[in-house]
Amino acid sequence: MSAPRPEELMTIAGSRLLRDGQVVFAGVGAPLEASVLAKRLHAPSLTVVLEGGSIGPRMIPGKLPISTNEMRAQVGSTMLVGIIDLFLYAQRGCYDVGFIGAAQIDKFGNVNTSYIGDPDSPKVRLPGSGGANDIVSSCREIIVMTRHEPRRFVEQVDFVTSPGWLSGPAERERAGLHRSRPVAVITDLALLGFEPESGRLRLDALQPGATVESVVEATGFELLVPDAVGELAPPAQQELDELRRLQDGDPQAPARLQEVASAP
Amino acid sequence: MSAPRPEELMTIAGSRLLRDGQVVFAGVGAPLEASVLAKRLHAPSLTVVLEGGSIGPRMIPGKLPISTNEMRAQVGSTMLVGIIDLFLYAQRGCYDVGFIGAAQIDKFGNVNTSYIGDPDSPKVRLPGSGGANDIVSSCREIIVMTRHEPRRFVEQVDFVTSPGWLSGPAERERAGLHRSRPVAVITDLALLGFEPESGRLRLDALQPGATVESVVEATGFELLVPDAVGELAPPAQQELDELRRLQDGDPQAPARLQEVASAP
Amino acid sequence: MDKRMGLAEAAGLVADGDTVVGGGCLYSRPPYAMLFELLRAGRRDLVLARNLMCYEAELFLVRGAAAKLMTSWVGIGLPWGIPRVFREFAERDPSIYEEWSHLSFGLRFLAGSMGMPFLPTASLLGSDVLKRTPAQEMRCPFTGELLVAVPACQPDVALIHAHRVDPEGNAQVEGPVYMDLEFARAAKTVIVTAEEVVSPEAIARSADRTVIPGFLVDAVVEVPFGSYPGECYGLYEADFAHFDKYVELVNSGGAGGVEEYLRRHLDEAGDFAGLLDLVGASALLEQRRRARELVAA
Amino acid sequence: MDKRMGLAEAAGLVADGDTVVGGGCLYSRPPYAMLFELLRAGRRDLVLARNLMCYEAELFLVRGAAAKLMTSWVGIGLPWGIPRVFREFAERDPSIYEEWSHLSFGLRFLAGSMGMPFLPTASLLGSDVLKRTPAQEMRCPFTGELLVAVPACQPDVALIHAHRVDPEGNAQVEGPVYMDLEFARAAKTVIVTAEEVVSPEAIARSADRTVIPGFLVDAVVEVPFGSYPGECYGLYEADFAHFDKYVELVNSGGAGGVEEYLRRHLDEAGDFAGLLDLVGASALLEQRRRARELVAA
């Protein structure tokens, strides 16, 4: 069995943040994989909720969905519901955790998936919010998962698609965002939290192999570094095995399905 | 075959107001019977909609429902939908006709099914609006059906449960009631319309056997009587037969069902 | 998590003074087993809410179990007339009946279920109903159109009777859903009674029929015939003869007639199973036969 | 009333410049047969709306069939990257993409489907998305809570692909309904394509599964595999290899690659049946096998 890849470190660390009995609204990609992994390992009563209308799906290893709207994301669900209703459960306060990815994130945890550069003349037009804005506005605790690169971790996002702490807790309160609370950012290098007073990102713990210096270097803004920084336990063999089985399936599965299922 | 009873005159006249291809939201009792009768006779493409969530039900003769929420009201429906959705179709403007009964009605067609006497110290506490208020607020054309008695036709209702023309078209417009329009009141004595300028009830046509005098006498307010008053055609044998078959069913049906089905 | 328990334990989730909404509509799929259990448990001063309210209005008023009714209509049905004891209570003190239109009542719960403090509607405009509720006129911020804003209701408890439910509370119904979704999602506590408790796998086989997700639900109780004397779609018709007998008691004895009914059917029956025994197996089977006949039609 | 017609006739119900919303979600139950027909008919300057928009964004932009996209996300899926031609269009003129969040997009249609000019939400608060849409902040008239009001959308046309429909338009779907109900009820004209047209009696046998009532519907078209290359729940999986080939064309040829795709799959195929022939029966049957395998799992 090979050593854990960066994405695997990130996904496994993310899965550990989910507790049994919670309801998690997971975005496509790594958040979805982390949620499914948690349910298969330490949180059997975790309810996974996906944007396309699935409540409580059980994925087929090797056939993870590419989108959260397709049959593969619906297999074994206890409830299939309209999309507006699915989001209104969030707005009602039914979801403990909202778990999303990010193209660009700033020191207050604001997420941009809309424009790189000036929105009126963008360098890159990104795909858009999808459900991310809704998730961060309404799920009780918000976790963001993304690769740790300076181009992703910027001083200030070009566009606030999905608010984090905005410019701090006071502005967040003024904006009326009282239903949700950004709590963590998981990367392949670290677990970041937020300083309560300022709403700024803070280095809480290092992934195996990372150092404070490597994290600071990969962060495009001044990351708060407390005196004591924790260390995340390395992936257990069971975690790695189960994640790879989820992604790759059993050897008989068609090659095409496996390839797609393990795409970034 | 016996002569038509007053309720039968009313129900048959009501059924004739419905046109093929329309969607009618029918209240329980005579409006429901009139709607089902119309569908069975001259309006096969009429879509009947009932408060409990039935769209397009086909009743079983002799097993007409007592409420609009029960299985008998759902038999043969093409769609069973949640109650809020059923009403929201009305608010969306999907229903051509709203067809209700009335305990008390005044010269502007305002309907009271809430209080007889002072609402703070009522002589009679009536059951309440049910869906009537919603129906008259949103269905395009409103038809009211009720027995013609002075205690029902009053100068001014004690309580406006379901607005007619309020005190006239100007007040109705001020109140924001632009989605619907009261158009007719059907009784066992007459078909009444509304004078466009004033929104006041006007005698449009007489039921068989009724006279202008008998209608005026049975009306507790000054009814507008134009120079030319029409006459409604007497029930055709087919109309009477079909209505009685609907109410009484075939002779083998349990007596209890028939009794209940023909209750007022 | 296994949320199965008995009716008596579930009744413990309801406190005196709570706002309690009951699912179904009138005598169709009402949560009668659970409502009767609240009476048996001696709950007091509830605000009892249903979109159309059947004879439970009188049962709860006479026992002091409800201090107030919130609904759009009270009665069993046209053939049985205006409920006499309800009239006595509501004419003595009109404030015990908070009257809404059917839709505006529902929109209060829809708003609550959306996590929104209000929703706009075209109902109630120009009516006197509007004047006696906390709803108020508002203007659309975009068009200026005059509308009515209804305030959200998030009741303390929703009681829902379903066709089937799994131990976690994932519940499915057949036929119309009435306002069950909105009630369950709006409420702080949800008690689901069901004709049968099934496995999660059985639920997952038709996941698109699930109307209440388990994470909303606090208690699951299996109660066959749990809507009796009301109906449950496809399974049993309402027992109209039972309502006849009830109305006879009330018409002859007023509130005393209601007490007489409660003494026989609640107190002496002991529990809901005792009530079903009192009704008798053959009568229940006859209601079942009638339902099957209708659904097959 | 029998509303059956062919795709070409149904396309005649859509006018240049219309706002057209497509049902399903991304590549799940999309109304592709009908969308392709609009391209074939040469419609121009549509506002094309879907809650998540798949590769049709590029097909419509390149042909000039859409002047504007209204959605919350554009792409096929993470493995295929950000669509290159979409980027070219949207970076040249950002106004061609009206971006909403997924829920706020849906609430526009829910408002429209409720006959209300707006609905309140907690989404978009504090975001820059809010600043670039006609949504605006408002306060709850009861609680004073800061909320966002989204304006209703009542599109000219909704295109829905269903599992089955009767000639009057009563339509049923299996699996998730996505936003189909809201789209259909909000729209002024509704075109339903379906895997099969069945009798009204077949619909009535499971009336609680009907999601679109006939009175909303203007055209009924039977189109087996009508969501191809997307999926239709339980019947066929999406053809990911087809998307692969499309993205290869675009990555090598840009807008020219899109044109190349359209020439082959639309123009030369002649009609939707021709496209299916091009794909081939065995490939379609393989997609069907995969779907059955998933649903049986």
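Think of it as A, B, C and D in the order they're written, each chain with its own count starting at 1.
Just so it is clear, a contact is a pair of C-beta atoms (placed from the backbone, for glycine too) under 8 Å apart; a residue touches a chain by one contact, two chains touch by 3 or more.
All values reported here derive from a predicted model rather than from experimental measurement.
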item	value
Farthest-lying chain, centroid of Cα atoms versus that of chain B	A
Chain pair, A-D or A-C, that carries the greater number of C-beta contacts	A-D
Intercentroid distance (Cα basis), chain C paired with chain A, Å	41
Inter-chain centre distance, chain A versus chain D - centres from mean C-alpha coordinates, in Å	27
Rounded Å distance, chain A centre to chain B centre (Cα mean)	57
Chain D residues counted as touching two or more neighbouring chains	115-116, 121-122, 145, 147, 175-177, 181, 208
Multi-chain contact sites of chain B, meaning residues that touch two or more partners	74, 76, 80-81, 88, 91, 138, 179
Pairs of chains satisfying the touch condition	A-C, A-D, B-C, B-D, C-D
For the chain D and chain B complex, residues of the former touching the latter	1, 112-116, 166, 168, 170, 181, 185-186, 200, 203-204, 207-208, 210, 213-216
Sites on chain C touched by chain B in the complex	25-28, 51-52, 71-75, 77-79, 82, 86-87, 90-91, 94, 97, 99-104, 106-107, 110, 121-129, 132, 137, 145-147, 175-182, 231, 233-234, 237-238, 240-241, 291, 294-295, 297
Chain B to chain C touching residues, read off their complex	28-29, 51-54, 60, 63, 66-67, 69-72, 74-76, 80-84, 87-88, 90-91, 114-115, 119-134, 137-138, 159-163, 166, 171-172, 175-177, 179, 256, 260, 263-264
Of chain C, residues touching chain D in the complex	115-122, 134, 136, 138, 140-143, 145, 147, 149, 151, 174-177, 208-209
Residues on chain B engaged by chain D in the complex (per definition of touch)	21, 23, 45, 47, 55-56, 74, 76-81, 85, 88-89, 91-94, 138, 179
